[in-house]
Every structure is written in C-alpha cells, then in structure tokens.
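The same chain A turns up in both complexes below, where it pairs with chain B and then with chain C.
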Partner chain A sequence: MALGKEQMKLLYRNLVRADHFDKMMMNRIMQGKLIGFYHPGDGAMAAGVGASTFLGDNDILNPHHRAHGLGYAAGRGVDVGRYLAEHTGKVDGCCGGRSSFHWSFPEKKMYGASGFIGWHFCPVVGWGWACKRKGNQMVLMASGDGSYGQGGAHEAMLFAMNWKLPIVFFCENNGMAIHSTISDMHPMPDISSLAQGYGMPAVVIDGQDVFAVAETVIAAREHALAGKGPTFVEAKTLRLREHDVGTPDLARAEPREAAYLEELKKRDPVVLATTRVLAEKVLTRKQIDKIYQEAKEEVAAIEKFADESPVAQPSIEELLAGVYVA
Partner chain B sequence: MSEVRELPLVEAIREAYRQEMERDERVFMVGQDIAGGIFPHTKGLVEQFGTDRIVDTPLAEIGMYGTAFGAAMEGFRPIVDFMFAGFFLNAASPILAQTAQFRFIHGSQMSLPMVITGACGAGMRLGNEHAMLVHNMIAQVPGIKVCMPSTPYDAKGLMTAAIRDDNPVAFIWHLGTMMDRGPVPEEPYVVPLGVAEVKREGGDVTLVANGFQYKNAQIVADKLAGEISVEIIDPRTFSPLDIDTILKSLEKTGRLVVVDESWESRSTASEIAAQVVDRGFDLLDAPIRRVTIPNIPLPGGHMEPYVAPNPDAIEAAVRDVCR
Partner chain C sequence: MKSVGIIVNPAAGKDLRRLVAFGSTSTHSEKINAVVRILRALDALGVERARIAPDPTNLGQRAIEAAGDDLNGLDVACLELPWLLGSRSDTERAASLMREQDFGCLLVLGGDGTSRAVASHCGEIPLIPLSTGTNNAFPRMLEGTLAGMAAACVVRALAGDEGLLRAPMLRLLADGEEVSHALVDISVIDTLDSGALAVWEGDSVRELFLAQARPDSIGLSAIGGCLAPLAPGCGRGLHLQLGAVDDPACTHVTAPMAPGLVARIAVRDHAHFDGRASVASPRGVFAFDGERELAIDEKRHWEVAFDPQGPRVVDVQRALSLGVERGLFRDDFSPVAQHQPRNFRE
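What follows is the complex of A and B.
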C-alpha cells in the first residue's frame, strides 16, 4: 500500500525530530547532563519512527532500547520534555524521577523499559492476550537482534501463534549486540527465520527507509486487527556508534574500522528520506528547512523544561508510600 | 442456628476462584493443565467459565506468567497458577525484578492486580524443587504481598482478599494442608492481608507457625496442655508482616518460638526475631528460638520428617525457652 503525501510528510517530520532528540541525548551525556548511560540511535532512527507513527491510540507500543526508544517516542507523540526530565531525575519526569532510562508513559500504552534486554517477551503475551479479548487493538513489540537470544522470545512467539495474538514482532537488526556480531551469536543472518518454526508470516525490510517501514507495519497491523495473528517484521539497520556513549566501539575485541563506518553513513536514514521527499516533490527545500528549524526549537524547549524542573528527592516516607497501592 | 459447612482447604480455594470470577469478569486464571486440574483446586472451573478464562498454556513459565503480567497492565485481574510454587523460579526475573518493583519504579502510576499461586511443602517426598517453600524468596522484594493459609477458612478469605487486592499477591499453599477440612462460610468474605491471628490463646509462650507447621504447632500445644500454656499466632501474611500482634502476645508470655518451613538463615523466622529484638527487647524473658530447615537443600527420599520442622523439634524449642 503506497503512502499518501501527508503520511510521508508526517514521517519525515517525525524522523527529523527523532534524529534531533537522539543528538540532544548524545550531547547531554557527553556534557554530564544525563543520568546513567545513553545508547545512541544515530543512523538508526527510521525504524522506530516508521513503526510507531501510524499506530492506533489503543495499540500497545513497546519501544526498542536503542536510542532509549526515542524513535518510537517521536512517532507516538510522547511528551519528550517529561521524558528528558525523567532521564535527569527531575520532579516533572514521567515517572517522578524514579525510573531514569526505564521510562514509561502508561497513558500512551508504553508500559515501560527495562535494563533486562528481552524482558518484554514476557508481558507481550499478556498484552496480546488482552488486545485479543478486547478487540480492535494490537501490540507493536520492538526489540533488537540481540534480544532474540532470550528463551522468552521463543515462548512469546509460541504463545502468539498458538493463540493468534495481534502482535507485530518488530526486530531492528543492526547486526551488533554490544561488541558481539550477529554472525557469532546467531546461526542464521535473518532473525526473522526464527518465525518460520512457528509458522509465523515474516518479512525482511530496509530499516533505513522510514517509508518502507511504515508501509510494512501498517499492513502487519491490519493483519493483526483482522484476527490473522502475529507477524514478524525484520528491519535491517545499522549502528554508527559505540553501544553506549563513552565505551569503546568494538566488534569482538577489535575496533570497528573507520572506512566501514564511513560507508555506513551513506545509509543515514535522514539523508535517504530527504533525497526521496525532494525527488518526489513531497516537500520543498524551504519546507524541509522549516521542519529542521522547528525541531531545533522543540529540542530547546524540551531542554529548558527539563533543566528548570527541580531534582526529585522525596523523603523515604514518600517513597515508601509509593510501593503498594493503598 | 445451622452449623457452618465444612470444606477441604483445596475446595475453599476453588470457591474463592469461582465466586470472584462470577463477581468480576476481569478475573481469569492462567496456568498449565488447570482445565483438567492437576490439583482439585481448579476442578470444574473450565466447564463454568470456558477456555477464555481458564487458560491452559504450553510448558513455558515465561510466556505463562507473561499472559498474566501483561493482561494486568491492560486492566484484567489474572490469577497465575504455577502448579508447584517452586516453579515460580522459572519466571523469577519478571516476578521479582519487574512485577514487584514495577509500580514504584514507574512513578506509582500503574497497578498490577494479580495473584501468583502454587502449592509446596515438605512431607510428600517430592524432592527439593517441588517441595521447597518460596515465600521468603518472594517476600524479600518490596512491592509484592505474600501469604499462606493454615485453615480452609483462611484459604478462602485470603484468596478472596488476594484477588481483590490491587497489588501483586503471592498466595502459597501447603500440600500438607490440601485435604484438611474446616468450617467455610458459603458467602464471599475477606481475610485481610497483613493481619495475623491469635489462633490459640495461652500464657507461657508465643508460638508463631503457619501452613502445615500450624498443625504441628497445635499438636505440640495439645501435648503440653496442663504443663505449658502455648499461645499460637498464625502470621497468615509474610509480607507485609503483622509484627504488632506478636509483640502484643509477648507482653503476656515473654517467650517466643517461631516455626518457619524454610531455611534457617534469612527466613521469616529470622525477620520476626530481628523485629522483636528491635521493638520488643524488653518483653523477652528468654532467647528467641527458631524452628526451621537447617541450611541444607531439602532432600527427597526419607529424610523430610526430621529435616523439616516437626512436632519433636517444636516441642524441644518450646521447652527450651520455658526452662
């Protein structure tokens, strides 16, 4: 199904925004203005934006950990000011400063990230089960290639196919898990080949092409909502930088080669999308400049909001009161 | 006035399931072979509620638990049955690292109303994995409540409370109590979580015991009657722990024995002893004695009767503090 011009404009805008958010986070962690760590999404922001921009409000969205889910946050319309405030331990953070990078927006049906990669393969079964019981809602469950080493991944695919759950297993395959290469960690180059064992329809797409990702996920979502069960979408992407900012960028124990990384940069999704929207006259250069200007202003407002919010340091009594529902 | 009907503990649990599922359509059960029923506590439920609400899963605890965990976020009130409570360890990561801590970490925005249940207990020669009590492993983590019934009355009331609670609750039940009969009112009722009960009044020594060990405590109290007056307190809930009821009893007795079918170290017995020393040191006339499993894995075969807490060990501890 071809995208309309308005859809393409929205995707392009969200991609530029997501790219700015990611660069904001990289700058801040290097300036010491972010808590914990940051796993940059630089050069790989298209998959999240394409997968999330056209979901329904009731659909459950589990973001990928890379870029701390910012591509998905951009597509979902999350309040990134509260997101950044959370990552800086502020009172206006989306979780009151308690979660830092394990952020969540339950009202957006983004139920939280975890430092245990692959954790979501557990609740995703219940998300899918609940969506099926309620009807007309589905789950977009994003994760990376590394997480498919978890046994829970296989349990989730088994349950999803048994019960024909409305789940899209959306895998961002960048070929790297910290310093490990996929050829060392998986017997097959395509993670989606795992879906075959469960009889699950699967497709491999170019994760650098935000428009291709969106078209595929729209179709997979329709498949899910029609009661036809889960699908597996593997978006091939790349990793331009180290696993998390400040650690060495290795493949196995060797530094990744500069010439190879330069080659990867030619596949930057923003560059690819810009070429296409200009070629197809979806946007003019002037309109693109405006989108960039607005993204810069949005980032400035986000940082101002987060920086002006007080540090969250509630008393032990207040924290104790937050553990249980009274 | 008519006599209150008697039921076995396992049927008291089933009655709580049935009544709460009739009362609230968000409640459902997920587990392995619960439609057929390995234990009779789910017998007949699938006929009444269908496979949408009595959900059998493959032998895969992460997916099985995830069915409950994810559905709870979407507003359902699941009961997830691990069959044997020790099998929860196959899903320990999502239960202890995520479910229990979820509400707090995410800014107290979400609630996870769910019941995690399973049977356990020494005495059936089932080996360490099937038999071991896991209440202390779970109770160590804030954010999840943990309880275990000693009587059929408490079984129905605690399960009803657990299902209605907006927090995750682990409800463990002991195989050695499964067929125990006792009075169980037919109408729904709640035994509140976090409230201990004085189950036998006495003046010389406070004996804290729960589950199967509550029965052993009664055997000892009966035997010592006329010689030593034993007050038995059933904590009923391990987390949150009702220490006040124990301290109140100590004002009268000044002596404490805690039975816990768990390892000696870092158990509920240890926790009660520590809290009593913290808050009730002046009440004590004798050292606190713990009757537990020594720090060895629970063996299968013929060793359970003397490795696990038993009436002889409890009696020896009671006599020791009453010297």
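What follows is the complex of A and C.
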C-alpha cells in the first residue's frame, strides 16, 4: 500500500521531532542534566519513526535502547515531557522518575528497554499470545542486530512461528554491537536470514528511508492481523556516534575513521526525507521551516516541564510497592 | 586477455514483495555460492583475472575465501573503492571503474534495478545479467557455473561482437532532455510517494512504456507480454494506457505482477512506438524497471524515447556454442586474438 500525502507529512513531522528530541538528549547529557546513560540515535531516527507512526492504538510497542526509543515515542505520540522527566528523576516522569531509560508508558502499550540486551524476546512471545487470543492486536518488537546473538531471540522466533503469533520482529541493523562489527558477530550480514530458518517471511529495507520503513511495517502489520503469523523486517541503518555517551567510539579496538563517519552523514534520514518531500511536492520549504520551528518550541516546552517538576524522593514503601516478586 | 567483472547487489531479492506477494528470498549465502560457481568456471576455462565489486557486507571477499585454494590460476580480488555507502552509487562507481579498466565481460547478479544501475555506467562492456531479484525481465534465471563459462567464452574465444546482442532501452525526456532511463519499463504510478520503491499493485499503474514485453516475464512488462508481446529485436516499444478494472470498455488482461500475484489489469489503449511517445498522465510518480523514483512535474513536457541501441548483452547459448566451435573446452584450445568491439553507435 503506497502512502498518501497526509501520511507522508505526518512521517516527516515525526522524523524532525524525533531528531530534535535526540539532539535535546545529547545536549542535556553533555550538560550533566540527565541521570543514567544516553545511547545517541543521531542519523538513525527514521527506523523507529517509520515503524511506529501507523500502528494501531491497541498494538503493543516494544522499543529498544538506541536513542532510548525516542523515534518510537515520537511516532506513538507519547508525552515526551514525562519521558524527559523520567530521565531526570522527577516525580512527573512516566515511571515516577525511577527508571532512567528503562521507562514505559503502559497507557500507550509501550514497554521500554531493559539493561540486558535481548531480554525482551521471550516477553514478546507472551504479548503476542495475548494479542492472538484477544484479536485485532499485534506486537512490534524493536531490537538491534547485536541482540540476535542471544539464545532467547531464537526461542522467541521458534514459538512465534509455531503458534503463528501476530508479531513483527523489527531489527535495526546498524552493523555495530557496542565495539564489535557485525562481521565479528554474525556469519551473514543479514540478520533476517535467521528468520528464514523458522519459515518466517523476512524483508530487508533501507532504514534511512522513513517512508519505506512505514510502508513495509504497514504491510507487516496487515500480515499479522490477518492471522498469517510473524514477520521479520530488517532495517539497514547506521551509527554516527559512540554506542553511549562517554564510551569511546571504537570498532574492535580501533577508533572509527572520521572521514568514514563524514561519508555516512550523507545518509542522514532527515536530509534524505527533506529532499524527497520537496521533490515530490508533499511540502514546501515554508512548511518545512514551520515544522522545524514547532519542533524547537516543543523541545523548549518539554525541557521546561521536566526542569520544573520536583525531584522524586520516593519512600521505601513506595519503592517496594513497585516491586513484583513471583 | 581482458578481465571479467562481477557485480552483486547484496540487497536484491529481499524487498517488501516477500510480504505482499510470494517473492523468494535471495540470501547472502546463495549469492556467495553463485559467485563461487562463477569463479570456479572462469578458473577452469583459463581466465586470468577477475574483479568483484566490493560492498559493505564483504560478499565478494567471502566468496573469494569460500573459493579458497580450489582456484588454480585465476587472479581474483575485490575492486578498491574508497567508500561504500550501501546504495546504488556503489554499483555505479564499480561499473564505471570496470569500464575505465576496459573489462571484457561483466556478470551482474541482481534484479532489473541492478542491471539498470550497471548499464548506465558500464559503457560497451558486454553484460551477463543473472537473476537474483524479485521481478526479472532483463536478467534471466541462469546457473552461475554456466554464466562463468559463457563469460570465459567471451574473453577467450570470441572476437568483436560475436555472441552478443544489443538490448533496447527506454529514455525519459523532460522538455526534450534526458532525465532517466530504464531497460524494461517506465511506468506512471498513481501515487505520491516512492516509499519502499517496489511496484506490485496493478490498479496503481496508469501508464506503461515497455522496451520488452514477454509472456514469460514477471512484473509490469508482463502486462504487455500477456496482451501484445514484442518480438526480440523488433525495433519498437509498447505504450499502454491503463484504466479502471470495472470499466467495460477496457481490455482485461491477467498478468503476473509479482511472484504468486497474478492480477486482472484493465488496458484502455495500447500502441507500438518506435521514436518518442508523450506521457499522457498529468501527475503521479515515474517508476523505472519497477522502482518508484521520480515525481511528475506537471510544468514540463514528458516523453519516452525507444532506443534500440541499449547495453550489449551476451547471448549465453550462442556464446557457449561458439566456445565449443572454437575448442575452448578442449585441451588443445588456442585463444583467438581479441579485437576491439565495434561501436554500434558509429
């Protein structure tokens, strides 16, 4: 299904917003205004935006740690003020300021990242099973290429396929797992080739193209809701910066070449999308300027909200009330 | 002896049509195997030098490692390109470099889009396009070993334009100036975006220009192929205007739009053309060889020109037959002197 003009406008707006949010987080961690880590998404925000913008309200969305799920948050329409408050330990944070980047927005059916890469595959099978029982609901599970080295990934794909669960395994393959290159970690460069072993339909797309990602995920969602089972979508993307701020940007033990990273910037998704919407007359330059201005104003409002929120100081009883022991 | 080039599109055969149709997946490991088969055939038939276009996934290097010690005299390596972006520009730069280095034959593994990218930059190097894509009208299904043997025939046993065909192509003109081209089809799609590039919905196609139309192809060109096939070398193209499927005035054609996706298409009008034909659709997106790419600017006058002098393509069966005639497969073979190929445009 090809995208219409209004869908393209929405995707472009969300991409610009997500890019501004990522830059906001970078600025704040450099200024010491975040608690915990930040794993920058610079140059790789299109995949999350494209994958999440046209999901249904009932669909379950499980983002991963890159840009702390901001691309997905922008597409899903979560309150980024509460997201930032969470990252600053404030009472108005979406989890009461206790989680840093392990946030979630249950009211949006959006459950965030754990500190353990690849933890989420098995819970996703459970969510998928629940969606199948309830009907007209699916799961989009995002992950990076590195997480497919975990055994749970294979167990999840096996169960998802055997039970024909409505799950889209959405892999952002940026070719890097912290300091390891994909050629060190996987025998084949396409993670989607793993899905074929389970008989799962798999596609590889340009993760820098927000429109291509959206169109593909719409088709994958239709596949899931039609009861045809899980699919695997691999979005090829890139990593312009270090894995997380404060860690050296190394490939194996060597710094990545600056000239190479400069070349990669030509594939910045915002640049590519801007060229596209102008060429296809979806937006005018004036409309684009307005989108940028609104994104800037939104960031200012988000920061004001988070900064004015009181620091969370939960009591022991409040903390224990949030702990579940099976 | 001239070198043989190999260009593999690592992304071919993996797009959205695995979800919306029943396209097979062309995996990396299968592509590596195909390159190994090509290398072994080149080596067995005495080709001295082969170069593989590099790609970010190191597919060529993996194939060389897989072929390993089995190769005897073949000097094989990956071309050196300064940067790889994982996009079409990598393919185009590799084809340009092979043209500058005067390669004798170029094997292209991919779909119609890959061949299009190579053909626009390889000059007069004869092509052997092998299908690893989804819809393939230009490349054909061909076993890698035989493709390698045919390439060996071209560089060792054939001279000039022996065993070669000239494929036609289409050129898109805006106000008389060429802006793009296609090897098989240029279509106008009734949509605004180029999205995931691939075209598979027949009812989204408004207009279609074909350089080839064969009933044994899959994709947009199959619409023409199932209605009014073009004989190879006929020297003209086919222009179709499509209508609504419920329009009784249209001719309805059943054609394979994608693997496993056989659709009923309404054709309002069709006609041959041998020069230029005007684009009638006022808006939409142009797709080239089945990939959406360029929005129509309604202020410009758009035409499609049929050019019978497209890329040179190896007639594999003919090349192999000539190889047999010249004794390439016998121990007592002596190579023919290579001549500069005649420039067809002169």
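Basically, the second predicted complex is superposed on the first by the 317 of 326 C-alpha atoms of A that agree within 3 Å, B and C clash if a C-alpha of one lies under 4 Å from a C-alpha of the other, contacts with A are read in each partner's own complex, and residues count from 1 in each chain.
Keep this in mind: a residue touches a chain if its C-beta (ideal position, glycine included) is under 8 Å from a C-beta of that chain, and two chains touch if they have at least 3 such contacts.
Just so it is clear, the structure is predicted and the values come from calculations on it, not from any experiment.
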Practice prompt. Would you mind checking whether chain B and chain C clash or fit side by side on chain A after the superposition?
Written response: fit
Practice prompt. Return first, second, both or neither, reflecting whether A:H102 touches chain B, chain C, both chains, or no partner chain.
Written response: first
Practice prompt. Quick one: classify A:G4 as touching chain B (first), chain C (second), both or neither.
Written response: second
Discussion item. One more residue to check, A:E280. First (chain B), second (chain C), both or neither?
Written reply: second
Discussion item. Just to be sure I read the superposition right, which of the two partners does A:R267 touch: chain B = first, chain C = second, or both, or neither?
Written reply: second
Worksheet item: Should A:P189 be classified as contacting the first partner (chain B), the second (chain C), both, or neither?
Response: second
Worksheet item: Once the shared chain is lined up, is A:Q293 touching chain B (first), chain C (second), both, or neither of them?
Response: neither
Item to complete: Please work out whether A:N136 is in contact with chain B alone, chain C alone, both, or neither, and reply first, second, both or neither.
Response: neither
Discussion item. Rounded to whole Å, what minimum CA distance do you find between chain B and chain C in the overlaid structures?
Written reply: 25
Worksheet item: Where on chain A do the contacts from chain B and from chain C line up?
Response: none
Practice prompt. Spell out the part of chain B that touches chain A in their complex, as residue ranges.
Written response: 52, 55, 57-58, 60, 62-63, 65-76, 78, 91, 93-94, 97-98, 102-111, 142-143, 145, 165-167
Fill in: Interfacial residue positions of chain C with respect to chain A in the complex
10-11, 14-16, 18-20, 25, 27-29, 56-59, 83, 85-87, 189, 191-197, 201, 204, 285, 292, 294-295
Practice prompt. Would you pull the chain A residues touching chain B in the complex into a rising list?
Written response: 60, 93-96, 98-99, 102, 104, 106, 111-112, 114, 116, 119, 121-131, 133-134, 151-152, 155-156, 158-159, 162, 319, 322-325
Worksheet, complete the sentence: In the complex, chain A touches chain C at residues 1-5, 8, 175, 183, 188-190, 192-193, 196, 201-205, 209, 211-212, 214-216, 219-220, 223, 231, 236, 260, 263-264, 266-267, 276, 279-282
